[in-house]
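There are structures below to look over.
Shared chain: chain A. Partners: chain B in the first complex, chain C in the second.
Entry: the complex of A and B
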C-alpha cells in the first residue's frame, strides 16, 4: 500500500469514530456523559442494514440508523435527564441494551447485503466522509460563535446559573443527547454500509463506541481536536495490516489500536495534570480525577 | 409517589413484552421458556454453573463501585482467568492430579485477574487515568491476545480451538456455589463490618472529603482494584471448568463479566444480594438457550436483563426520593 492509500483508508476508518465522537462531545459539553455510544452505534448499524435491505435506499438506511439510535437514547433522556438516575450506570445499561437490540434487529435483515456506500467517482471519498469532514468546522462555529453554542456550554459549565438566566436546562440536555445519538447512529450505519456492503453481523461495530469516547478526551472536547484524535486512531486501524511486516509480534497486532489508545490516554492525562488543565465542561471526568 | 415507583416496574414489564414481541418466540415463548427453566431441576443446576463467572465478577465490582472506582474490566479479567486456568490444565506440561490441577487453576486465575485489576488501579491511583476507559481498552487487549493464543500456539485439530479440559477437572454445581458463597460472604463482611469497608464507603460517597480527612485514597483504589480483579479472575476459572471446557475463536467477548456489571447495580452493590441477582440472570441465560431453538438471538437476554436493572434502579430511586421530607 502506498502512503496516499493508507491516508485514505485511515480517513474512512476514522469516519464512524468522528461522527460518534462529535456527538458525544456535544453531550459532554452539555454537562453529561453518555457511555452508551457503543450501544447506539450497534443499533444504528443494525437498523441501517435492515432498512437498506428492505427499502434499497441508502438515504433510508442512514436515516433509520440515526432514528434507531435516537430511540435508544430516549431511555437515557428519561432516566438521566428527567428522572436523575446515575449517568454512568444508565450509560452502561444503554451499551448492553443496544448490543442486544442490534442482534434482534440485525437478525431481521438476515445477513443479506443492503445498500453499499461507495466513494464518489474521481474524489476517492464517499458522501458521508465528506459531510463528516465538514462537521468539525461547523460545530466549531456553532459552539463558539452562536447563541446555541453559548447556551449549550452555559448549561455544561454551570447549570444553576444557566437556569437563572432562563435557559431550559433539561431541554438543552435532552436535545444534546438526541443529537449525539443521531450522530452515533449514522456512525454505526456507516460501518455497515461503507465497510460491509450494507450487511450486518453481530459485533460489526465492536469497540468503536469506546474508542470514540476516548477520542473526545484526547481531542480535549474541541471539534478540531476531536477531528485530529479520530483521524489518528483511524490511521491506527488502517496500518494494522502492515504491522507484521514492520516487525510487530503477531500476538500484539490485533491489540495494537487499543494499546495505542490506552497509551495515548495515559500520556494525555499526565500532560493535562502537569499543565493544570481541567476539562472545559462540568463532566464526571473533572469531578473524579481533579 | 408510590404510584410512580410502581409505574417504573410496570414500564419495565411492558419493555420486556415489547422486546420479546420483536423476536420470533414472542412474549408467550419467553415466559414459557422461563417456566421450563424454573420447573426442571437439571436446568436449575445448570443455571448455578452459568452464574459462576457472573456472580464472581459482580461481588468484586460491588465493592469497587462502592469506592467510586468505576471499572468495567471484569470482562477481560474473566477471560484472562480462563486463559490462566486453561494454561495450568492443558498447556503447562504439569501432570497434576485432578484436585491439585483444579486448585492451582483457580489460584492462577485469581492471580491473573488480580494483576490485571491492579494495572487499572495503579493507573488511576498514581496517574489519575480514568478507570472506565482504561479497563475497557484492557478488555479488548485481552480479547485480542486470547484470539492469538487460540488461533496460534494453543490451536489443536482442524478448528480454531484449544484442547478441551478433561472431565476430571470439571466443576459440579455445588463446588461452584461454594466458591461463590465464600467470596460473597467475605466481601459482604468486609463491606459492612470492617474499617476497610467503612473507608471504601467514605471514599465512594465523597472522594474530596475523604482526602481532606486523610483517608489513604491511593491505597484504597489499589486494594479495591486488586480485590475486584481477583474475584473476576476466579470467575474465569469457574467459567472454563464449570461449563466452557474449550476456548474457541471469538469475535466478541463471552460477556459474563459485563453481565456482572448489571448484576452489581441491580443488587444495589451488596455482594450477597449479587449472588441472588446473578442466579436470576443465569436462569434468564438458560431460558435464552432454550429460545435459541426458536431462532431468537441469544443477546435478547442482555436486553431483558438491562430493562430489569433499569426498572429496579428507577423504582429504588423514586422510592428514596418520596421518603425524603
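Entry: the complex of A and C
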C-alpha cells in the first residue's frame, strides 16, 4: 500500500470516531459525560441498516441512525439532565440498552445489504467524510465565536453561576446531549453504510464508542484537537495491519496504537496547557489545580 | 437627590434560624455613594442579595423609581439596571474575560458582538484605570483582578444601582484608592453606588452617607459631614471597641527557619511567575510579603509550601535543602500552612470538623488505623481553645462562618507547635474582630519562636504585625524593608518593574 492509500484508509477509519467524539465533546462542554456513546453508535448502525434496506435511500438511512440514537439519549436527558441521576450509571445503562436494541432492530433488516456509501468519484472520499472534515472548524466557530457556544461552555464551567445569571441550564444541556447523540448515531450509521454495504451484524460498531470518548480527552475538548486525535487513531487503525509485514513483533502490534495514543496524550496536554486551553471545569476540574 | 431604590421593612430569616435582616428600611439615591457599614454577620450581604433579586425576603417591599417591584430571579433586577458584585467574584474559569462579560450583557438584554465587547472593555479599562485584559482567561486571574472585571462589567452594563459587596477585600491600598475614585466617578454620572465595607476609614473616605448595620438591624444613617470615627465605631460594635494587635519589640532571632535562594518558578501558563526571589524568615519573626494580587505571590507561596517546584534556585527549611521535598515532608519538619482558600484547600468541604482535623493529622501521625476517638478529643480541644462557634465537632465545616473556619484552621495548624507558618491572605474577608484575633494568633506564634511568613494584599495589616516586609512586583522581590517602615518606599516598590 502506498502512503496516500494509507491516509485515505485512516481518514475513513477516523470518520465514525470523529462524528461520535465531536458529539461527546459537545456533551462534555455542557458539563456532563455521556458514557453511552457505544450504545448510541450501535443503535445508529442498526437503525441505518434497517432504514436503508426498507427505503433504499441513503439520506433516510443516515437520518434514522441519528434519530434512533437521539431516542436512546432521551433516557439520558430525562434521567440525568432532568432528574439528576448519576451520569456514570445512566451512561453505562445506555451502552447495554443500545446494544440490546441494536440486536432487535438489526434483526429486522435481516442482514441484507442496504444503502452502501461510496466515495465521490475523482475525490476518493465520500460525502459523510467530507462533511465530517468540515464539522470541526464549524464547531470551533460556534464554540468560541458565537454566544451559543459561550453559553454552552459557561454551563459546563459552573452550572450554578450559569443558572444564577439566567441561563436555562437544563435546556442547554439537554440539547447538547441530543446533538451529541445525533452525531454518534450518524457515526454508527457510517460504519454500517460505508464499511459493510449498509449491512448490519451484531457488534459491528464494537469498541468505537469507547475510543471516541478517549479521543475527546486526547483532543483536549477542542474541536480541532478532537479532529487531530481521531485522525491519529484512524491512521493507527490503518497502519496496524502493516506492522507485522515490517517485522514488528505480534505482541507489540496490539499494544502499538495504545502506546502511541499515550505518547500523544502527553504531548497534547503540554501543548494545550501552554496555550491556556482548559477542559470544562465541572467535568475535569482537577486539571485546573495542578 | 431622589431615591432610586428603597427597601421597606425587609425581614429575612435563614433556615438555620439566623435573623439576618430585621425590619430594614433603607433608601438609595441616584448620584451618591452610600456606605453600608457593619461587622461580618451584620446582615449587609443579605440586604444587597434581597435588593438584587438573589434572595426573596420573608416580608417587606422593594420600591424602584417609585414603583413596587418583585424580583423572582437576579435577571429581573439586572434588567432594571440593579447589579450586585459579590464579595468573591464568581466568573467562569475557562472563559475569557470578554466572553464572561459579554454573556452577562446578553442576558441583561444588551447583547453585542464579541469584538464590540472587547473594544468597550479595553476602553473602560483605560478610562477607569482598571487594568482589565479582555482576552485573559478567567482561571489565571487573581481575586483582585476578577473584582476589577466585575467593576468593568457594572460600568459596561450602565448600572443605575451598583451594589458592591466588600469590593476592597482583595485590593491593595493603592487599588483601594483608585476604587474609591471609580465609585465617586460612577456616582457623579448619576448612578447609585452601594459600597459595603467593614472598614470605617474607607467608608468615611468614599461615601456621601453611611448606613450602619448591626445584628440584622439598621442602626442609623449618618451624612458624610456629620460622621465621626468614634460615633461609627459605637454604632457598629455597641460597647465593644476593637484594637490592633501590637507587635512586641525585640529583633528577630538568629536561626533561619526558611531561606529562598534565587528561586525561579513558572506559573500555570509556563511563563516566569517568580524571577530570582531570595528571602529569609528568622525564628521569632513575622515576615510580610506585600504586593498587588497576581504578581507571583501565589506561585511563591506554593513554592514555599512545596506544591510547585522551582526551575532554578533552592528552598531551605531549618537549614535543610527541601527544594525537591513534597509538602508532607515539609509539614513533618514543622511547617504549618494557612492557605487563601479556607474551604477546598485548607478544609475539606462537606466533611465534619473531626474529619478535617484527622485528615491533616493522620498523614503526619502515620500508622494504618485512624484513631477517631483521639481525633475527636483533639477537635474538641481545638474548638474550645480557638473559640470556634460550632454546635458539634461532627458538624460539616461548611456550616461554619468564614471567621470560624479560619479559627479552626489556625488551631489545627498552630497548636501542633509549628516552626514555620506560611499564610496567604489570612484575614481576607474577615470582620474586624476576627481579623484582629487572627493577626494576634500569628504574632503569638512568632513570640513562641516560630517564623511566620504572611502574604497579604493588606499593607496596613502587614505594617502592623511584621518585623520585616518584602514587596513582590512582577515576579521579583524587593526589600527587605525593616521596622520602622517607610510607607511611601514600600508602596513605591509595589509598582516597580
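Basically, the second predicted complex is superposed on the first by the 252 of 290 C-alpha atoms of A that agree within 3 Å, B and C clash if a C-alpha of one lies under 4 Å from a C-alpha of the other, contacts with A are read in each partner's own complex, and residues count from 1 in each chain.
We take it that a contact is a pair of C-beta atoms (placed from the backbone, for glycine too) under 8 Å apart; a residue touches a chain by one contact, two chains touch by 3 or more.
Nothing here was measured: the structure is a model prediction, and the numbers come from that model.
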Item to check | Partner chain in contact with A:92 - chain B first, chain C second, else both or neither | outcome: first
Next on the checklist: Looking at A:273 after the superposition, I want to know if it touches chain B, chain C, both of them or none. Which is it: first, second, both, neither?
Outcome noted: both
Next on the checklist: Touch test for A:259: chain B only (first), chain C only (second), both, or neither?
Outcome noted: first
Next on the checklist: With both complexes superposed on chain A, which partner does A:250 reach: first (chain B), second (chain C), both or neither?
Outcome noted: first
Checklist outcome for this item: Max touched-residue count on chain A (chain B vs chain C) belongs to chain B
Checklist entry - Once the shared chain is lined up, is A:118 touching chain B (first), chain C (second), both, or neither of them? => result neither
Checklist entry - With the two structures laid over each other on chain A, which partner does A:168 touch: chain B (first), chain C (second), both, or neither? => result neither
Next on the checklist: By the touch definition above, which chain A residues appear in both interfaces, chain B in one complex and chain C in the other?
Outcome noted: 273, 288
Item to check | Touch list for chain B against partner chain A, complex | outcome: 19, 22-23, 68, 70, 72, 123, 127-130, 132-134, 136-138, 140-141, 144-145, 147-149, 152, 207, 251-252, 258-259, 261-262, 265, 295, 297-307, 309-310, 313-314, 317-318
Next on the checklist: Going by the contact rule set out above, which residues of chain A touch chain C in the complex?
Outcome noted: 145, 147, 150-151, 153-154, 156-158, 161-162, 164-167, 273-274, 276, 278-281, 288
Checklist entry - Which residues of chain C touch chain A in the complex? => result 54, 73-75, 78, 90-95, 99-100, 102-104, 106-107, 111, 114, 137, 139-140, 268-270
Checklist outcome for this item: Listed in rising order, chain A residues that touch chain B in their complex are 35, 75, 79, 83-86, 88-90, 92-94, 96-97, 99-107, 202-203, 206-207, 210, 213-214, 217, 250-255, 258-259, 261-262, 265-266, 269-270, 273, 285, 288-289
